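Below: one structure in C-alpha coordinates.
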(Lines give C-alpha, C1' and ligand atoms only; values in the text may rest on other atoms or scores of the structure.)
Protein backbone atom coordinates (compact mmCIF):
# COMPACT_ATOMS: atom_id res chain seq x y z
CA UNK A 1 0.00 0.00 0.00
CA UNK A 2 1.37 3.36 -0.97
CA UNK A 3 -1.42 5.62 0.25
CA UNK A 4 -0.68 8.09 -2.55
CA UNK A 5 1.91 9.86 -0.44
CA UNK A 6 5.01 11.16 -2.17
CA UNK A 7 8.36 10.92 -0.34
CA UNK A 8 8.11 14.70 0.30
CA UNK A 9 4.68 14.28 1.85
CA UNK A 10 5.84 11.38 4.02
CA UNK A 11 8.69 13.52 5.30
CA UNK A 12 6.30 16.37 5.97
CA UNK A 13 3.97 14.09 7.95
CA UNK A 14 7.02 12.88 9.93
CA UNK A 15 8.01 16.46 10.68
CA UNK A 16 4.48 17.55 11.62
CA UNK A 17 4.02 14.69 14.07
CA UNK A 18 7.50 15.22 15.53
CA UNK A 19 6.75 18.92 16.04
CA UNK A 20 3.30 18.20 17.54
CA UNK A 21 5.00 15.85 19.96
CA UNK A 22 7.81 18.20 20.90
CA UNK A 23 5.63 21.32 21.35
CA UNK A 24 2.87 19.61 23.30
CA UNK A 25 5.24 17.71 25.56
CA UNK A 26 7.49 20.72 26.18
CA UNK A 27 4.57 23.04 26.97
CA UNK A 28 2.77 20.61 29.26
CA UNK A 29 5.88 19.45 31.13
CA UNK A 30 8.88 21.80 30.88
CA UNK A 31 6.95 25.09 30.59
CA UNK A 32 4.38 24.28 33.28
CA UNK A 33 7.14 23.24 35.67
CA UNK A 34 9.37 26.22 34.96
CA UNK A 35 6.61 28.83 35.15
CA UNK A 36 7.53 32.49 34.75
CA UNK A 37 8.15 33.41 31.11
CA UNK A 38 7.33 29.83 30.14
CA UNK A 39 3.69 30.15 31.16
CA UNK A 40 3.23 33.71 29.96
CA UNK A 41 -0.15 33.44 28.14
CA UNK A 42 1.02 34.54 24.70
CA UNK A 43 3.96 32.13 24.64
CA UNK A 44 2.07 29.17 26.06
CA UNK A 45 -0.85 29.68 23.67
CA UNK A 46 1.52 29.83 20.72
CA UNK A 47 3.07 26.50 21.69
CA UNK A 48 -0.35 24.90 22.04
CA UNK A 49 -1.54 26.44 18.76
CA UNK A 50 1.59 25.05 17.11
CA UNK A 51 0.96 21.56 18.48
CA UNK A 52 -2.64 21.68 17.26
CA UNK A 53 -1.94 22.92 13.73
CA UNK A 54 0.84 20.33 13.31
CA UNK A 55 -1.60 17.60 14.35
CA UNK A 56 -4.17 18.92 11.88
CA UNK A 57 -1.69 19.26 8.99
CA UNK A 58 -0.60 15.67 9.41
CA UNK A 59 -4.26 14.63 9.53
CA UNK A 60 -5.07 16.41 6.25
CA UNK A 61 -2.16 14.76 4.48
CA UNK A 62 -3.08 11.36 5.88
CA UNK A 63 -6.70 11.55 4.72
CA UNK A 64 -5.57 12.59 1.24
CA UNK A 65 -7.35 15.95 1.18
CA UNK A 66 -6.21 18.47 -1.43
CA UNK A 67 -6.79 21.14 1.19
CA UNK A 68 -3.62 20.04 2.98
CA UNK A 69 -1.82 22.76 1.01
CA UNK A 70 -3.60 25.59 2.80
CA UNK A 71 -3.34 23.93 6.17
CA UNK A 72 0.39 23.33 5.60
CA UNK A 73 0.84 27.01 4.68
CA UNK A 74 -0.70 28.08 7.99
CA UNK A 75 1.31 25.41 9.80
CA UNK A 76 4.57 26.77 8.37
CA UNK A 77 3.61 30.26 9.56
CA UNK A 78 2.75 29.20 13.11
CA UNK A 79 5.79 26.88 13.44
CA UNK A 80 8.06 29.69 12.35
CA UNK A 81 6.64 32.07 14.98
CA UNK A 82 6.82 29.36 17.62
CA UNK A 83 10.48 28.68 16.82
CA UNK A 84 11.28 32.39 17.22
CA UNK A 85 9.42 32.63 20.50
CA UNK A 86 11.04 29.50 21.96
CA UNK A 87 14.42 30.90 20.93
CA UNK A 88 13.65 34.21 22.65
CA UNK A 89 12.78 32.47 25.91
CA UNK A 90 15.67 30.03 25.59
CA UNK A 91 16.13 26.61 27.09
CA UNK A 92 14.04 24.89 24.41
CA UNK A 93 16.43 24.15 21.57
CA UNK A 94 14.86 20.79 20.61
CA UNK A 95 11.54 22.58 20.23
CA UNK A 96 13.12 25.31 18.09
CA UNK A 97 14.68 22.66 15.85
CA UNK A 98 11.46 20.66 15.47
CA UNK A 99 9.52 23.84 14.59
CA UNK A 100 12.06 24.98 11.98
CA UNK A 101 12.17 21.54 10.35
CA UNK A 102 8.37 21.38 10.24
CA UNK A 103 8.05 24.94 8.88
CA UNK A 104 10.47 24.16 6.10
CA UNK A 105 8.76 21.00 4.91
CA UNK A 106 5.25 22.50 5.25
CA UNK A 107 6.41 25.45 3.15
CA UNK A 108 7.34 23.01 0.39
CA UNK A 109 3.97 21.23 0.56
CA UNK A 110 2.15 24.59 0.40
CA UNK A 111 3.97 25.74 -2.71
CA UNK B 1 -15.54 34.15 33.40
CA UNK B 2 -15.76 35.63 29.94
CA UNK B 3 -12.86 33.88 28.23
CA UNK B 4 -12.34 36.94 26.03
CA UNK B 5 -14.80 35.65 23.48
CA UNK B 6 -17.00 38.17 21.71
CA UNK B 7 -20.63 37.22 20.96
CA UNK B 8 -19.62 36.74 17.30
CA UNK B 9 -16.86 34.38 18.30
CA UNK B 10 -19.14 32.41 20.61
CA UNK B 11 -21.59 31.99 17.72
CA UNK B 12 -18.78 30.91 15.43
CA UNK B 13 -17.60 28.29 17.94
CA UNK B 14 -21.22 27.05 18.17
CA UNK B 15 -21.43 26.79 14.40
CA UNK B 16 -18.06 25.07 14.05
CA UNK B 17 -18.89 22.42 16.63
CA UNK B 18 -22.38 21.91 15.15
CA UNK B 19 -20.87 21.44 11.69
CA UNK B 20 -18.13 19.10 12.99
CA UNK B 21 -20.85 17.03 14.62
CA UNK B 22 -23.13 16.95 11.59
CA UNK B 23 -20.42 16.16 9.02
CA UNK B 24 -18.68 13.48 11.07
CA UNK B 25 -21.90 11.78 12.10
CA UNK B 26 -23.41 11.91 8.60
CA UNK B 27 -20.27 10.56 6.95
CA UNK B 28 -19.70 7.76 9.45
CA UNK B 29 -23.33 6.66 9.63
CA UNK B 30 -25.52 7.78 6.73
CA UNK B 31 -22.83 7.77 4.01
CA UNK B 32 -21.22 4.49 5.06
CA UNK B 33 -24.61 2.80 5.15
CA UNK B 34 -25.83 4.21 1.84
CA UNK B 35 -22.60 3.50 -0.04
CA UNK B 36 -22.47 4.30 -3.78
CA UNK B 37 -22.00 8.03 -4.38
CA UNK B 38 -21.89 8.56 -0.63
CA UNK B 39 -18.61 6.67 -0.22
CA UNK B 40 -17.01 7.93 -3.42
CA UNK B 41 -13.50 8.84 -2.17
CA UNK B 42 -13.55 12.53 -3.12
CA UNK B 43 -16.91 13.17 -1.45
CA UNK B 44 -16.18 11.16 1.68
CA UNK B 45 -12.76 12.78 2.13
CA UNK B 46 -14.28 16.23 1.78
CA UNK B 47 -16.78 15.49 4.54
CA UNK B 48 -14.05 14.21 6.84
CA UNK B 49 -11.80 17.17 6.01
CA UNK B 50 -14.71 19.48 6.81
CA UNK B 51 -15.31 17.79 10.18
CA UNK B 52 -11.60 18.09 11.03
CA UNK B 53 -11.15 21.74 10.08
CA UNK B 54 -14.31 22.69 12.01
CA UNK B 55 -12.94 20.92 15.08
CA UNK B 56 -9.64 22.74 14.66
CA UNK B 57 -11.23 26.17 14.10
CA UNK B 58 -13.25 25.83 17.29
CA UNK B 59 -10.07 24.76 19.11
CA UNK B 60 -8.12 27.82 17.96
CA UNK B 61 -10.88 30.17 19.09
CA UNK B 62 -11.16 28.38 22.43
CA UNK B 63 -7.45 28.61 23.20
CA UNK B 64 -7.47 32.32 22.35
CA UNK B 65 -4.94 32.13 19.50
CA UNK B 66 -4.81 35.07 17.09
CA UNK B 67 -4.16 32.56 14.35
CA UNK B 68 -7.82 31.55 14.47
CA UNK B 69 -8.41 34.06 11.66
CA UNK B 70 -6.45 32.05 9.14
CA UNK B 71 -7.86 28.75 10.30
CA UNK B 72 -11.39 30.21 10.09
CA UNK B 73 -10.70 31.41 6.54
CA UNK B 74 -9.73 27.89 5.45
CA UNK B 75 -12.69 26.49 7.38
CA UNK B 76 -15.10 28.76 5.49
CA UNK B 77 -13.61 27.58 2.20
CA UNK B 78 -13.87 23.86 3.00
CA UNK B 79 -17.38 24.17 4.51
CA UNK B 80 -18.57 25.94 1.41
CA UNK B 81 -17.23 23.18 -0.87
CA UNK B 82 -18.68 20.52 1.41
CA UNK B 83 -22.12 22.17 1.32
CA UNK B 84 -22.05 22.20 -2.50
CA UNK B 85 -20.98 18.58 -2.69
CA UNK B 86 -23.61 17.38 -0.20
CA UNK B 87 -26.21 19.31 -2.21
CA UNK B 88 -25.06 17.65 -5.43
CA UNK B 89 -25.42 14.18 -3.93
CA UNK B 90 -28.67 15.06 -2.18
CA UNK B 91 -30.28 13.52 0.85
CA UNK B 92 -28.14 15.47 3.30
CA UNK B 93 -29.92 18.79 3.81
CA UNK B 94 -29.07 19.13 7.51
CA UNK B 95 -25.40 18.78 6.59
CA UNK B 96 -25.73 21.40 3.83
CA UNK B 97 -27.36 23.79 6.30
CA UNK B 98 -24.71 23.25 9.01
CA UNK B 99 -21.91 23.80 6.49
CA UNK B 100 -23.43 27.02 5.11
CA UNK B 101 -24.01 28.43 8.59
CA UNK B 102 -20.45 27.60 9.62
CA UNK B 103 -18.95 29.02 6.41
CA UNK B 104 -20.80 32.27 6.94
CA UNK B 105 -19.70 32.81 10.51
CA UNK B 106 -16.10 31.69 9.83
CA UNK B 107 -16.00 34.18 6.96
CA UNK B 108 -16.83 36.93 9.44
CA UNK B 109 -14.13 35.82 11.87
CA UNK B 110 -11.57 35.73 9.06
CA UNK B 111 -12.28 39.27 7.91
CA UNK C 1 -31.27 11.46 9.10
CA UNK C 2 -31.24 9.96 12.54
CA UNK C 3 -27.60 8.93 12.84
CA UNK C 4 -28.62 6.11 15.19
CA UNK C 5 -28.22 8.35 18.21
CA UNK C 6 -30.69 7.91 21.05
CA UNK C 7 -31.88 11.02 22.92
CA UNK C 8 -29.60 10.03 25.81
CA UNK C 9 -26.62 9.84 23.48
CA UNK C 10 -27.43 13.20 21.91
CA UNK C 11 -27.53 14.74 25.37
CA UNK C 12 -24.24 13.09 26.25
CA UNK C 13 -22.59 14.45 23.08
CA UNK C 14 -23.96 17.91 24.00
CA UNK C 15 -22.50 17.62 27.48
CA UNK C 16 -19.13 16.32 26.28
CA UNK C 17 -18.70 19.15 23.78
CA UNK C 18 -19.86 21.74 26.34
CA UNK C 19 -17.34 20.42 28.87
CA UNK C 20 -14.53 20.27 26.26
CA UNK C 21 -15.27 23.88 25.45
CA UNK C 22 -15.45 25.07 29.04
CA UNK C 23 -12.33 23.24 30.27
CA UNK C 24 -10.15 24.17 27.31
CA UNK C 25 -11.22 27.80 27.28
CA UNK C 26 -10.92 28.20 31.04
CA UNK C 27 -7.47 26.62 31.18
CA UNK C 28 -6.05 28.52 28.22
CA UNK C 29 -7.50 31.90 29.21
CA UNK C 30 -8.53 32.21 32.87
CA UNK C 31 -5.92 29.85 34.34
CA UNK C 32 -3.00 31.11 32.25
CA UNK C 33 -3.85 34.70 33.14
CA UNK C 34 -4.37 34.05 36.84
CA UNK C 35 -1.22 31.92 37.26
CA UNK C 36 -0.36 30.67 40.76
CA UNK C 37 -2.50 27.70 41.75
CA UNK C 38 -4.20 27.88 38.37
CA UNK C 39 -1.07 26.88 36.46
CA UNK C 40 0.16 24.37 39.01
CA UNK C 41 1.15 21.44 36.71
CA UNK C 42 -1.14 18.82 38.21
CA UNK C 43 -4.21 21.05 38.04
CA UNK C 44 -3.52 22.42 34.58
CA UNK C 45 -2.80 18.95 33.16
CA UNK C 46 -6.04 17.62 34.63
CA UNK C 47 -8.03 20.37 32.92
CA UNK C 48 -6.34 19.68 29.58
CA UNK C 49 -6.79 15.91 29.99
CA UNK C 50 -10.47 16.57 30.73
CA UNK C 51 -10.87 18.69 27.58
CA UNK C 52 -9.20 15.99 25.49
CA UNK C 53 -11.19 13.01 26.79
CA UNK C 54 -14.46 14.95 26.36
CA UNK C 55 -13.51 15.68 22.75
CA UNK C 56 -12.69 12.01 22.20
CA UNK C 57 -15.87 10.71 23.87
CA UNK C 58 -18.01 12.92 21.65
CA UNK C 59 -16.03 11.69 18.64
CA UNK C 60 -16.62 8.02 19.48
CA UNK C 61 -20.36 8.56 19.85
CA UNK C 62 -20.50 10.54 16.60
CA UNK C 63 -18.73 7.86 14.56
CA UNK C 64 -21.05 5.21 15.97
CA UNK C 65 -18.37 3.07 17.60
CA UNK C 66 -19.49 0.57 20.23
CA UNK C 67 -16.31 1.37 22.09
CA UNK C 68 -17.82 4.69 23.17
CA UNK C 69 -18.92 2.94 26.36
CA UNK C 70 -15.37 2.47 27.60
CA UNK C 71 -14.30 5.94 26.53
CA UNK C 72 -17.35 7.42 28.27
CA UNK C 73 -16.48 5.53 31.46
CA UNK C 74 -13.00 7.06 31.51
CA UNK C 75 -14.48 10.45 30.61
CA UNK C 76 -16.83 10.30 33.61
CA UNK C 77 -13.88 9.50 35.87
CA UNK C 78 -11.69 12.34 34.62
CA UNK C 79 -14.56 14.89 34.60
CA UNK C 80 -15.38 14.01 38.17
CA UNK C 81 -11.78 14.56 39.29
CA UNK C 82 -11.58 17.78 37.31
CA UNK C 83 -14.77 19.10 38.94
CA UNK C 84 -13.34 18.39 42.40
CA UNK C 85 -10.04 20.07 41.57
CA UNK C 86 -11.68 23.17 40.08
CA UNK C 87 -13.85 23.38 43.19
CA UNK C 88 -10.79 23.14 45.44
CA UNK C 89 -9.08 26.01 43.63
CA UNK C 90 -12.28 28.02 43.39
CA UNK C 91 -13.29 30.72 40.97
CA UNK C 92 -14.30 28.26 38.25
CA UNK C 93 -17.91 27.36 38.99
CA UNK C 94 -19.02 27.14 35.36
CA UNK C 95 -16.26 24.61 34.77
CA UNK C 96 -17.29 22.61 37.84
CA UNK C 97 -20.88 22.55 36.58
CA UNK C 98 -19.94 21.48 33.05
CA UNK C 99 -17.71 18.69 34.41
CA UNK C 100 -20.40 17.35 36.76
CA UNK C 101 -23.05 17.38 34.02
CA UNK C 102 -20.73 15.58 31.64
CA UNK C 103 -19.66 13.03 34.24
CA UNK C 104 -23.27 12.21 34.98
CA UNK C 105 -24.31 11.64 31.39
CA UNK C 106 -21.13 9.73 30.51
CA UNK C 107 -21.78 7.49 33.50
CA UNK C 108 -25.15 6.60 32.00
CA UNK C 109 -23.67 5.84 28.59
CA UNK C 110 -21.02 3.61 30.19
CA UNK C 111 -23.54 1.53 32.09
CA UNK D 1 14.65 18.30 28.47
CA UNK D 2 13.48 14.87 29.46
CA UNK D 3 9.72 15.40 29.51
CA UNK D 4 9.43 12.75 32.21
CA UNK D 5 8.96 10.05 29.62
CA UNK D 6 10.53 6.66 30.27
CA UNK D 7 12.01 4.75 27.31
CA UNK D 8 8.95 2.46 27.42
CA UNK D 9 6.63 5.44 27.20
CA UNK D 10 8.58 6.95 24.33
CA UNK D 11 8.27 3.67 22.45
CA UNK D 12 4.57 3.53 23.19
CA UNK D 13 4.07 7.09 21.86
CA UNK D 14 6.01 6.07 18.72
CA UNK D 15 3.78 3.03 18.27
CA UNK D 16 0.55 4.97 18.90
CA UNK D 17 1.41 7.66 16.35
CA UNK D 18 2.56 5.05 13.81
CA UNK D 19 -0.70 3.14 14.24
CA UNK D 20 -2.80 6.34 14.04
CA UNK D 21 -1.03 7.15 10.80
CA UNK D 22 -1.37 3.71 9.29
CA UNK D 23 -5.04 3.19 10.19
CA UNK D 24 -6.20 6.66 9.15
CA UNK D 25 -4.28 6.63 5.89
CA UNK D 26 -5.31 3.08 4.98
CA UNK D 27 -9.00 3.71 5.73
CA UNK D 28 -9.18 7.03 3.91
CA UNK D 29 -7.19 5.91 0.86
CA UNK D 30 -6.97 2.14 0.35
CA UNK D 31 -10.36 1.22 1.89
CA UNK D 32 -12.32 4.04 0.24
CA UNK D 33 -10.83 3.18 -3.14
CA UNK D 34 -11.35 -0.58 -2.82
CA UNK D 35 -14.92 -0.32 -1.53
CA UNK D 36 -16.87 -3.55 -0.90
CA UNK D 37 -15.79 -5.22 2.34
CA UNK D 38 -13.36 -2.36 2.94
CA UNK D 39 -16.15 0.19 3.40
CA UNK D 40 -18.50 -2.11 5.26
CA UNK D 41 -19.66 0.20 8.13
CA UNK D 42 -18.48 -1.96 11.02
CA UNK D 43 -14.99 -2.44 9.59
CA UNK D 44 -14.52 1.17 8.51
CA UNK D 45 -15.74 2.51 11.86
CA UNK D 46 -13.35 0.21 13.71
CA UNK D 47 -10.41 1.55 11.71
CA UNK D 48 -11.43 5.15 12.37
CA UNK D 49 -12.01 4.41 16.06
CA UNK D 50 -8.55 2.83 16.19
CA UNK D 51 -6.94 5.89 14.59
CA UNK D 52 -8.71 8.18 17.07
CA UNK D 53 -7.88 6.24 20.23
CA UNK D 54 -4.22 5.97 19.16
CA UNK D 55 -4.12 9.74 18.67
CA UNK D 56 -5.68 10.24 22.09
CA UNK D 57 -3.38 7.77 23.87
CA UNK D 58 -0.31 9.51 22.48
CA UNK D 59 -1.80 12.85 23.57
CA UNK D 60 -2.34 11.68 27.16
CA UNK D 61 1.23 10.41 27.43
CA UNK D 62 2.59 13.64 25.92
CA UNK D 63 0.72 15.89 28.37
CA UNK D 64 1.93 13.81 31.28
CA UNK D 65 -1.48 12.77 32.56
CA UNK D 66 -1.65 9.81 34.93
CA UNK D 67 -4.87 8.84 33.21
CA UNK D 68 -2.86 7.62 30.21
CA UNK D 69 -2.99 4.16 31.79
CA UNK D 70 -6.72 3.82 31.29
CA UNK D 71 -6.65 5.32 27.82
CA UNK D 72 -3.79 2.96 26.87
CA UNK D 73 -5.79 0.00 28.14
CA UNK D 74 -8.70 0.89 25.87
CA UNK D 75 -6.28 1.57 23.03
CA UNK D 76 -4.78 -1.91 23.36
CA UNK D 77 -8.27 -3.41 23.21
CA UNK D 78 -9.34 -1.48 20.09
CA UNK D 79 -6.01 -2.03 18.28
CA UNK D 80 -6.26 -5.73 18.91
CA UNK D 81 -9.77 -5.90 17.42
CA UNK D 82 -8.71 -3.74 14.49
CA UNK D 83 -5.75 -6.03 13.75
CA UNK D 84 -8.06 -9.06 13.71
CA UNK D 85 -10.56 -7.36 11.44
CA UNK D 86 -7.90 -6.15 8.99
CA UNK D 87 -6.50 -9.68 8.91
CA UNK D 88 -9.96 -11.11 8.18
CA UNK D 89 -10.44 -8.76 5.23
CA UNK D 90 -6.84 -9.20 4.05
CA UNK D 91 -4.69 -6.97 1.94
CA UNK D 92 -3.72 -4.72 4.87
CA UNK D 93 -0.71 -6.39 6.47
CA UNK D 94 1.08 -3.16 7.37
CA UNK D 95 -2.03 -2.06 9.25
CA UNK D 96 -2.25 -5.41 11.07
CA UNK D 97 1.40 -5.07 12.08
CA UNK D 98 1.05 -1.48 13.31
CA UNK D 99 -2.04 -2.41 15.36
CA UNK D 100 -0.37 -5.42 16.99
CA UNK D 101 2.74 -3.45 17.87
CA UNK D 102 0.65 -0.65 19.36
CA UNK D 103 -1.59 -3.05 21.28
CA UNK D 104 1.44 -4.73 22.81
CA UNK D 105 3.10 -1.54 24.02
CA UNK D 106 -0.17 -0.01 25.24
CA UNK D 107 -0.79 -3.19 27.21
CA UNK D 108 2.51 -2.64 28.99
CA UNK D 109 1.68 0.99 29.80
CA UNK D 110 -1.72 -0.02 31.16
CA UNK D 111 -0.31 -2.61 33.53
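Going by the order they are written in, the chains are A, B, C and D; count residues from 1 in each one.
Here is the rule we use: contacts are C-beta pairs under 8 Å (C-beta built on N, C-alpha and C of every residue); 3 or more make two chains touch, one makes a residue touch a chain.
For clarity, every value in this text was computed on a predicted model and none was experimentally measured.
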item: Farthest chain (mean CA position) relative to chain C; value: A
item: Interface with more contacting C-beta pairs, comparing A-C to C-D; value: C-D
item: Gap in Å, rounded to a whole number, between the CA centres of chain C and chain B; value: 22
item: Chain C-chain D separation of Cα centroids, rounded to whole Å; value: 23
item: Sites on chain C at which at least two other chains make contact; value: 28-29, 41, 45, 48, 59, 63-64
item: Sites on chain B touched by chain D in the complex; value: 28-29, 32-33, 35, 39, 41, 44-45, 48
item: Chain D residues within the chain C interface of the complex; value: 41, 45-46, 48-49, 52-53, 56, 59-60, 63-65, 67, 70-71, 74, 77-78
item: Chain A-facing residues of chain D, complex; value: 1, 3-5, 13, 17, 21, 24-26, 28-30, 55, 58-59, 62-64, 92, 94
